[in-house]
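What follows is a set of structures to go through.
You will see subunit A twice below: alongside subunit B first, and alongside subunit C after that.
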Partner chain A sequence: METHCLKRPTRRQFLSSVAFTILAGGAAPVMARSISGRLPWEARSADPPVQVKPGGWLFFTLEEAQTMEAVADRLVPADDLSLGGKDAGCVLYLDRQLVGSYGTSSRLYTKGPFMPGLPTQGYQASDTPAQRYRAGIAALNAFTRETKGGKRFAELAPADQDAVLKDLEAGKITLPNKVDAKSFFNLMLANVMEGFFADPIYGGNKDMASWKMLGFPGARYDYRDHVSKHNQPYPLPPVSIAGSTEWMTR
Partner chain B sequence: MSRIVFSLTLAATAFSAGLALAQAPDQADEIIRGRYQAILGDCSACHTAPGAKPLSGGLPLETPFGQIIPPNITPDKATGIGNWTEADFRSALKKGIGHGGKRLYPAMPYPAYTRMTDRDIGNLWSYLRTVDPVFNPVESNQLPFPFNIRLSMMGWNMLNFTPGEFQPDPSKSAEWNRGAYIVQGPGHCGTCHSPKTALGADETSEALQGGSLQGWYAPNITGNSYIGIGSWSEDQIVRYLKTGTNGHTIASGPMAEAIQASTSLMTDEDVHAIATYLKSTEGGSTQKPQPIPASDARMKVGAAIYHDTCSACHGGDGKGASQLFPALAGSSIVQQPSAETLTRLVLQGSQAVHTPAAKTTPAMPSLGWKLSDEQVAAVLTYVRNSWGNAAPSVGASDIGAQR
Partner chain C sequence: MTTILPRKDAVIVGLGWTGAILAHELTEAGLDVVAIERGPWRDTATDFNIGYAQDELRYGIRRDLFLQPVVEAMTMRNNTSQTALPMRDYGSFLPGNGVGGAGVHWNGHTWRFWDSDFQIADHLRDRYGAARIQDLQLQNWGVTGAEMEKSFDRLEYLAGISGKAGNINGLIQEGGNPFEDPRSRDYPLPPLQMTYAPTLFAQVTKSLNLHPFPTPAANLSKDYINPLGIAMGQCTMCGFCERFGCANYSKSSAQTTILPVLMKKKNFEVRTESEVLHVDLDASKKHARGVTYVNTSGEEFFQPADIVLLCAYGLHNVRLMMLSGIGQIYDPNTGEGTVGRNYCYQTNAGAQVFFDDKNFNPFVAAGALGQTVDDFNGDAFDHGPLDFVGGAGINCIPSNGRPIQTRPTPPGTPRWGSDWKKATVKSYKSTLGFSSQGSSYPTRGNYLDLDPTYTDRFGRPLLRFTFDFPDNDIRMSNWVSDRMEEIAKAFGGKQYTNTRRKKGWDSVPYQSTHNTGGAIMGTDPKTSAVNKYLQSWDVANVFVIGASAFAHNAGKNPTGTVGALAFHAADAIRQQYLRNPGQPLVSA
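This part shows the complex of A and B:
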């Protein structure tokens, strides 16, 4: 009768597992801690976002910024409802995001394997948003220079810009350097919307323009005084994390 | 209780050999009573640093005259009070003169402890002899010249110090007298809650009417219904002292420490006695000033900040949410003459006291990063003058000084 016994690890397996255990144990300080009795608390503790201030581009070159401002103004055109994406600060928002943790995907898992995912799975390739914008904007301007009489995207008439964006969205355009048109369009659309609707503290949504347009009350968190007032508009103006003009003391 | 008796008896027995004290058969009772005196007197508040061995010396006290470090009062012979006699200890508490004629600074509240009875001091001494001796040298006197001259306290005592045991008032109930004894004597409430003279002594004519210390304003705790505790029922005072929260307010800061280490461990009878006495005291004007009108520019700004920032917890009507968020409307703490505590709470945040009966410890976040000095001043002016509250406005320069 055959005897089954556990396979002995090879010398290599044994050594590598020991090495891995030591690395895993020693690489990072232990983050977990147990809390008993009272909850931990510190005076003056706060982890506030820093107010983004306009002034210079930290990620974009001037040409890239102009391109993105043109895109933002077509995705959110100025009309009688609100100002446009450029004036709302969407590109300022994006610029500061791209030099931060978002730009470098520092909070995402970005190792392989890289497989084509389902549409519902989002972006699956290895490039960071910063790399994608750098390549994407260059590819977009290369495309318009080639097909629109040597003009950069920002130099096109609004109607032509719309047409290019529509084709990007529909994937009808093949951008150079293997930039995926559809996925780059979706990236720009998502980020411009973030800039337009996010708290003004991050650089976009100037003067809470989008919130005023929607009637969104902003960074408030208590509506007990209003929940029972059915079919009445909420009376208070929107407020940002950084406050509102009503907080101005002089 | 029997376990404490047993362990204390054991401790007493263990020490008796080394200390060569004459051990009366009822020494254990004395020690247990002395341990309770240490709770009433809250010795550990000053003499035990966080995480350190009991009574082995405390964190520096910031006084207007400089720093004093509460000494080691364990029975260690080299660095504690192991060489002291009971007479030395009695003299320290009654007269402010310690072993070898060394004069104490009144940061040690001997002006209050002098009211204690000989029996209570004797018991306390018996207890202190049983504490684990800890070798921990402490140089208490960190004061600058000329305050570092201990002899100068002789003059201070002549001006500011009335020695003498508490004299009961026969026209009052036993409970009232017990409360008065604790408040004026071992409990030394006035050490924080009485305003101070220029020399740092209690302003006895204004006892318990509120004082500023260590970056907090210890509020008026007389029976004044406007800025004192007059609007609290006796039961609410008891609940506050026993648990730190009473549906109106929640203790934090130095009072949280006093509640944890002292008042929450007092007997129910003693806490009731304190409440009875405090409610009977009078102090300060009960006349509310005219509130600042809502049309005032500061009030308008303050209202906007309040409703955007504070109302989620404290409520649009300032009523708070009983055990979780203190009420601001009608709160005497909010309407103190000084806004020092309020400013501190807004700038730094605060956490509620943790007691066995109130374990949630809700916390107020720090808003110092978000609000400018002018904005803090405006919102405090607003809460001090809304929903029936009325108190002087707060200036931006006061806020800046506390940042």
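This part shows the complex of A and C:
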């Protein structure tokens, strides 16, 4: 017999509950409950992802967004294999991630004391990804303004942008305000690649461009017909969690 | 204020694989059992929903199903000269959370440890002499392989393991693992249908006179009804296994093999979103009164119980013992104390072969769909002329083609730009990877204790790791990497890589969630925390069940042995302990 069983609170209920925010860890916290005598199941209690929609920046300023679009287009350049990082939506993806639990490190251990660690101990600073982007983009543009004739990163020619990114990657550039060039580059690289290869539902990988490029079929979930067809190309195009463009046009 | 609840016969901390097995067994014996689970309730239809389970970002990268560091972090250092700092995000290993535990998002490799593991100290001393293992803190587990066979069999039939026996009652079986201990019968299901890469791996390793066989898998090769009457479905090789819940009821877990029966019992209850703070002992410190826990609303409860079963992840079991004052915390300087002793990990390395003319379709995959070679594992080979003990399984188990994480490129490829993209597209389908999963043997200096500085959200000290790969294990891994290089060359690809394990355990890149030891089983209360039935030597009505009991780690995934130990302990409680409750099953 169920002694008490409360439904999952909505996001708003959750945010308004102080007691919850002290203790809750995950993105979709649930109430403590007692279950006995039955296998519980409730209709409509699943927690599907919400489709990211373009339109306005929630985290970035316009200048920041332009900078990141320029970066994304150099990390994932447009060529005959795929569209570029900007058109693929990598910055839209990133913008939405930075206003969520990822951007605020709300799932991580953020208690002090903060001390410099060894490489084997991982990231030890107190800055969240959102704070690192805010400071990192400003530092990057300050650097190019200073050294590239007053231009912002986005205003440089692609070859010059590549050169700056290579120097960031190698740690050859000293950015202002103590921004660690190498570590900021690695953060941007990891996040742009996430956006490019994640399900399009998160705002990047427009029209499953990266999956088509690789031949990854996405969310298909059943390959029993193809297991024994060794060394033969898989015949079907990819599908996203949200479905496929072919389905929608029918 | 703490609310005191009505007494239960048994309280179980954590409802994953071991908690569910123990709960089922003890409720069958008529006990009134409550399980207290820190994470949420999880069921297949709701939480591993087929409409969106295949979401790499959410489950693979942001790790929605895992324990979040804000809930509990741990600190680490490589040796006592360093200051441990918190792993602010989990990386090297990823503990589970919620009903089903790490058994929800495992890959499903289901091994039996060997008799030469359970009796490792005697076995190696007899074969190679005491000097060979003097730098290691190797200990017998207190059980034999023959003694454990029945429990392994029960776990494999409960879970519907797909595989091929190599040794049935002493008779070597063609196509199975010739190095395994005798088993009483074959696996309940035949091996999974092989994809291309492991098929090629089997051909190549056979040509080198090795003995490849299908990796025993908790991904089901056929529909199956287990001994509890619970039906499971055939694996669809979707390629979303490790880090994901299975939406097909095709990967064995508490959800797919036990809970549908357990949850309907009137003498079982689970309380979710409720974290046990500590086990409460009486004044003698030799008897547990129950556990204290707090729920998500911040309410604190005392749950009295006659038996306390710690069935959380092994590391959490160890920390709970330390926080509760069960036994003495290990001190590496004196070698005294047992809780935290013999922490071990896994010593892995990997190789990749790049081809021009092959298409492996890496996305057609299951977590444990592959081939293994055990010729260089454990003590399957003569270490006489060598300078190490232990070994590694060599596995070709391509588990996925999920593109955020799985994008192999040949060495020298840039990480971005047009050349990166060309190389990525070229290598995505045409690269074959295989890896060694090596043993991890205990040393005096590798251990767990409580951190002096960092605390959790309730102000309790975090668990502290002091760990690095022992020299013996590095020599072992390098020697196995030499063998892998021979295999890699024999593939005849365009190019290969062979990445070797180095000292300096790094907590950032993912390696393995096979953390073992810290509350090890054994024959001597001075050097083990629990006896051969996983009963605390110090507090006789506490049992500590999980990989925390491993006296060392073998070159194998731990879950099969963890599950078998759960059945082994359950039998001891049902058949012996309940006759004389509160008494030690082994006299110290």
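By our rule, the second predicted complex is superposed on the first by the 204 of 250 C-alpha atoms of A that agree within 3 Å, B and C clash if a C-alpha of one lies under 4 Å from a C-alpha of the other, contacts with A are read in each partner's own complex, and residues count from 1 in each chain.
By definition in this document, a contact is a pair of C-beta atoms (placed from the backbone, for glycine too) under 8 Å apart; a residue touches a chain by one contact, two chains touch by 3 or more.
Everything numeric in this text was worked out from a predicted model, so none of it was measured.
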item	value
First, second, both or neither for A:R220, with subunit B first and subunit C second	both
Touching partner for A:G243 - first (subunit B), second (subunit C), both, neither	first
Subunit B versus subunit C as contact partner of A:G37, first or second or both or neither	both
Which superposed partner A:L108 touches (first subunit B, second subunit C, both, neither)	second
Greater subunit A contact set [subunit C / subunit B]	C
Partner chain(s) touched by A:D167 [first = subunit B, second = subunit C, both, neither]	neither
First (subunit B), second (subunit C), both or neither touched by A:A46	both
Touching both subunit C and subunit B, counted on subunit A across the two superposed complexes	37-39, 41, 45-46, 48, 219-222, 224, 241
List of subunit B residues in touch with subunit A within their complex	298, 300-301, 304-305, 307-308, 311-313, 315-316, 347-351, 354, 359, 361, 363, 365-366, 368-372, 374-375, 378, 396
Complex contacts: residues of subunit A adjacent to subunit B	37-39, 41, 43-46, 48, 219-222, 224-225, 236, 239, 241-244, 246-250
Complex interface listing, subunit C residues touching subunit A	40-41, 43, 45-47, 49-58, 61-62, 64, 67-71, 73, 76-78, 82-83, 85-89, 91, 97, 193-196, 199, 234, 236-240, 247-248, 259-260, 263-266, 268-274, 294-299, 358-361, 363-364, 401-404, 407, 415-418, 421-422, 424-425, 428-429, 453-455, 457, 504-508
Complex contact set, residues of subunit A against subunit C	19-20, 22-27, 29-42, 45-49, 74-77, 79, 81-82, 101-102, 105-111, 113, 115, 117-124, 162, 165, 169, 189, 193-194, 197-199, 201-202, 210-211, 213-224, 226-228, 230-234, 241
